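Chain lettering (A, B, C and D) follows the sequence in which the chains are written, and residue indices restart at 1 in each chain.
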Amino acid sequence: MSHNTFGHLFRVTTWGESHGPALGCVVDGCPPGLRFKLEDLQVWLDKRKPGQSRFVTQRREDDLVKVLSGVMMDEDGETMISTGTPISMLIENTDQRSKDYGEIARRYRPGHADYTYDVKYGIRDYRGGGRSSARETAARVAAGGIARLVVPGVTIRGALVQIGKHKINRANWDWTKVDQNPFFAPDPEIVPVWEEYLDGIRKAGSSIGAVVEVVAEGVPAGLGAPIYGKLDQDIASLLMSINAVKGVEIGEGFASAELTGEENADEMRMGNDGKRIFLSNHAGGILGGISTGEPVIARFAIKPTSSILTERQSIDADGHNVDVRTKGRHDPCVGIRAVPIGEAMVACAVADHYLRDRGQTGQQR
Amino acid sequence: MSHNTFGHLFRVTTWGESHGPALGCVVDGCPPGLRFKLEDLQVWLDKRKPGQSRFVTQRREDDLVKVLSGVMMDEDGETMISTGTPISMLIENTDQRSKDYGEIARRYRPGHADYTYDVKYGIRDYRGGGRSSARETAARVAAGGIARLVVPGVTIRGALVQIGKHKINRANWDWTKVDQNPFFAPDPEIVPVWEEYLDGIRKAGSSIGAVVEVVAEGVPAGLGAPIYGKLDQDIASLLMSINAVKGVEIGEGFASAELTGEENADEMRMGNDGKRIFLSNHAGGILGGISTGEPVIARFAIKPTSSILTERQSIDADGHNVDVRTKGRHDPCVGIRAVPIGEAMVACAVADHYLRDRGQTGQQR
Amino acid sequence: MSHNTFGHLFRVTTWGESHGPALGCVVDGCPPGLRFKLEDLQVWLDKRKPGQSRFVTQRREDDLVKVLSGVMMDEDGETMISTGTPISMLIENTDQRSKDYGEIARRYRPGHADYTYDVKYGIRDYRGGGRSSARETAARVAAGGIARLVVPGVTIRGALVQIGKHKINRANWDWTKVDQNPFFAPDPEIVPVWEEYLDGIRKAGSSIGAVVEVVAEGVPAGLGAPIYGKLDQDIASLLMSINAVKGVEIGEGFASAELTGEENADEMRMGNDGKRIFLSNHAGGILGGISTGEPVIARFAIKPTSSILTERQSIDADGHNVDVRTKGRHDPCVGIRAVPIGEAMVACAVADHYLRDRGQTGQQR
Amino acid sequence: MSHNTFGHLFRVTTWGESHGPALGCVVDGCPPGLRFKLEDLQVWLDKRKPGQSRFVTQRREDDLVKVLSGVMMDEDGETMISTGTPISMLIENTDQRSKDYGEIARRYRPGHADYTYDVKYGIRDYRGGGRSSARETAARVAAGGIARLVVPGVTIRGALVQIGKHKINRANWDWTKVDQNPFFAPDPEIVPVWEEYLDGIRKAGSSIGAVVEVVAEGVPAGLGAPIYGKLDQDIASLLMSINAVKGVEIGEGFASAELTGEENADEMRMGNDGKRIFLSNHAGGILGGISTGEPVIARFAIKPTSSILTERQSIDADGHNVDVRTKGRHDPCVGIRAVPIGEAMVACAVADHYLRDRGQTGQQR
């Protein structure tokens, strides 16, 4: 259980449950001298925030992030400057509906971690999933906001590329559309399809899985290491650490199983400007665990929300057969809100490898 | 670069390149009192060994493992007993053909880590891929041999489930067939299909990707942790650390994107014997990062071998355009030999979480 | 800088400066099922709290600890039960006197970390020493309060054994006296000596060093590891991590340099009750890095407070010679308040090794 | 037990016992492009080697180090160039006298780790102390040889400053004398005193403790971190990891307990050349955990060798009272050979912090 810290030089520790007073994280290893305003962090939390459309949970949380340490305020009273010491951030839980948990407190909801928690810990906070609650991810997103500042010139963006069997048309990909629909869809044509489909899912009290793609542009070549500290390995590890994620791939991913060596090779040429050019990016920006300078591309699959209205067979902690139906406010497709979370995880992995490569001193900036 | 160690309590450090005198690993954290013979480790190395069929590299290596520390010899002069101190294992490189590397020493082979190595390190051992060589995996397989002994009653087996577009028929799955064909195929009917297909690939000097599935049975419920120390996260991280792996999934994996909550829920019932029964295993044996007691199921995709006979466009270290054609003895499908490697990685992850959960003392055994 | 976490399975991350809104820590790896009340933690913070006698800093802080996560409240509304998830604790800074730091903001106070901070970070929070402030230790003491609960039956107590040249008479050692004087002195006869001596130091605006001894009784035999995970090594590391500590010793410590093998050997005999008896404890309860079951004994030396009223020669950030005199509320002997801090560090080290040995599952409790 | 790795970016894993075929280490994180010959490492092993005078153990070991990985050979066939991959080094055990251990196999030698090993592991390699054997330190010294190359311009030297009650006269300190006597004494006048004293100890089959001092010059200012990653903390941890070490101090160390703030302050002035000058170095080159640029000074106390000819009371594994007398070839004062070991540990700590600060890329060199 002592594993709520990730990263080697850019280290993030998160804490908190959905039903305590607050949750948060400590970002340790942030280089000194980074300048940012609270709104530079809040923008990412707002993107992840519940209650923004009918396609996500109706729980209402302001998700306002506070910075408790690790910064000095500049003279404008607004700009914070990192000092190189741990940045502690806190987000209060405001919408903890008091309700009767009596019924589900001892029942194991299928697909949830209820049963495994009880086996492992012998005690379980039944109010909202404990650490496995999606609320924990708010802390990661705050940490990702800091991580984005660490590597100069990097841009990290995510999009939803699949809901159920409905995939986007990659030929329509347009980053400017992503924030103009409730799905973070890069393909405007898929939006009405998803709307109709998800409305059906939602009204049926059902849920559906999804696939998210994250692209990091501007990652300098040379980050990562050949095998156990592979950049793709660390990205995979962090994406897989998000609750409900069941698969991760880099570049061509599972599709590379169907490619020949000729098809998969990213050929190179010298450009007229003397720069090295990759003619394709099947590798997803990483070769031998080390970044090539091309966009780093990662995808991950999110299973359908386990909380559904349909009764499912289960057992309770006392060993009785029961049927479980999960009432409450849930995301019909948790994949939607996973977009900013995936971005944050990739940002943290890239920041970590950047510092391993370049060091942490304030002198070199 | 300082990241050739993995695991938190069961810790493995590997070292060595394909063209040095030897390679090996140090297994730190092995509990005391485990009993094994050299052949119990060698059997796994033999499974990974090159040159065993026409479908894998013709490089000849005996891959004999030596144990240099961490054990006492029992009175039979054969059985080793772990003492709880680091187990150092060494495998000599015997088949290092001397050849003229002059030509490729400064050329970047597409799909290889040549370019990224040069960017990162400014120096590169061009003789065989350095740490990214598949030979490094022999050390992992040796470590996996120890890991298998740590958790009483666990069985970890892998199989090849896809080559190119040709997938096995899961209805034919038969573990007893896996070691009876050169592909580790669990479906006897796919064998002639793959033989014909791979012969074509091989004769064309081409290569093809593949998918491997690893199943761990007998993993006790309760191993892992909710988020950052998820058992699936650590398995994903280690599988992704294998060279050429581009995707990892657990249970339904990417297919879960297309499932509804009703379809994906693993229902439970009490068995007549008072045991808890899962009626399905879409989760792949892990819920909320913690093992359920059901088989742990992981799959990973391996890209096609980058070394192919067809010329590909590239550049060299001096910034000239060149065309590269990789002669030598290569695997037409590296996915085949990845089967025992994947098994080893899953074994190490399970052993590590077992020790985190149960502790490392000799007293409790 | 990314090193504000310590411990391997019982992991503590601290954050916060003396002049921000709050400071705190996250305790990760606490086993589930521990029961405690807030007052069980507060008692240790009160012991460390400033302003309790004229011999410590007159800064006034309530140092009230809040628990934000990782526990469930029992039905009595008072008893917290750990759930195995991270325990986040927060202590507000209440007494941040606003004053003009203009003068010292750019001057390097001798003995302080001002100069080295500027060299390292290129930026420095001059308001109170940043992370090197003694206030950071409040978070450690809170973490130590949790750590004390982890190992059943362990008692960890500290005492001040030397101020300046004035050492206690060990023949007078009486644990019951420690909390009955403002110095945590175990020897009542030294109290008037220290009072008179420290009054002189205090009135002169000077400061003086000290030595603290911590004794952990009830540590089970078998915790630790032979070399790099030695229990004494981890204790030494954590004690040396306390600001102003310049030396650490275990058992006989530096005195062992003057002992012969005959004198230093802790002989053993079987007791009448069949128990193993050590006839002496020169080793300080640790042999070969592993606990013997005898009391674990550690001592550490604290340098005199660097903040003194006498002018000292120094330079400023602009490279000018200046003379520095540190006004403000300071401890004439920081060693006094270091007693509960040292206890907390030993408690954390013992808890960590206990979990490594016994595991973290909730099942075994 | 899984703790045979130290360092965060410059990571060393050691393995091996005194009575196996070999021992060694893996140095992970060494930057690429370092150039050295085997003799550059061997020189340090020779310094630690047994059998060089009558004052150390008469065991005969060549201690020839082999480099198995992580380097390319330069064209001269002699100079190795680090490639940034793990450097595996191996030292064969050549002098393993076969003898009858039957008698001591089950007896607990006082002062040794025999009893604690049995408690912890339930199994013990009685042939020579297992990992607690002084032979393990050969691997550290090899690692230290690499570490010395990492930080440009650094010089790390050690000396013996006390044997029993006989301390050197610091006024006589002369580094050029250290290698001209069998004690690594920097004070020529103490040599005859120690010779006579140690001859007595040796002939009596007794042993005696000692104190070693290590000085690192040329450590750039700015290495380390304020609290948990203090440079002095990491040095203390590594020195305390050496078997038989019972105390560690930095700068004034325990003597600082007797100093006032005025005496202990290291005043500063600007030099005529515009450089910052410290007028003293009570701090031992470290303030607030961060190097000042002044020499880093550490001392450690080594207890007397536990193996002595005089019978001591003890028990055996079966719970019988026994008397133990340790025959064999032992160091009358293990402190002597601890000098190069201490140097190696300081070198590793400094290299690690240098890389944390400056990064590990090959680009910046």
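Methods note: a contact is a pair of C-beta atoms (placed from the backbone, for glycine too) under 8 Å apart; a residue touches a chain by one contact, two chains touch by 3 or more.
Which chain is which protein? Per UniProt: A, B, C, D = Chorismate synthase.
On a predicted model such as this, the values are computed, not experimentally measured, just so you know.
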item: Between C-D and B-C, the pair joined by more C-beta contacts; value: C-D
item: Distance-maximising chain from chain A - centres being C-alpha averages; value: D
item: Separation of mean Cα positions, chain C and chain B [Å, integer]; value: 45
item: Centre-to-centre distance between chain C and chain A (centres being mean Cα positions), rounded to whole Å; value: 38
item: Distance between chain centroids, defined by C-alpha means - chain C, chain D (Å); value: 27
item: Junction residues of chain D, two or more chains touched; value: 1-5, 8-9, 14, 85, 119-120, 130-131, 222, 226, 355, 357, 360-361, 363
item: Partner chain C, residues of chain B touching it in the complex; value: 8-9, 85, 222, 226, 355-361, 363-364
item: Contact set on chain B toward chain A in their complex; value: 1-6, 8, 14, 108, 110-113, 115-117, 119-120, 130-132, 136, 162-165, 201, 206-211, 221-230, 232-234, 236-237, 240-241, 243, 246-270, 274, 276, 279, 282-284, 286-293, 301-308, 310, 312-315, 319-321, 335, 357
item: Residue numbers on chain D that touch chain B, as the complex places them; value: 1-5, 7-11, 13-17, 20-24, 26, 28-33, 68-70, 72, 81, 83-88, 90, 119-125, 130-131, 355, 360-363, 365
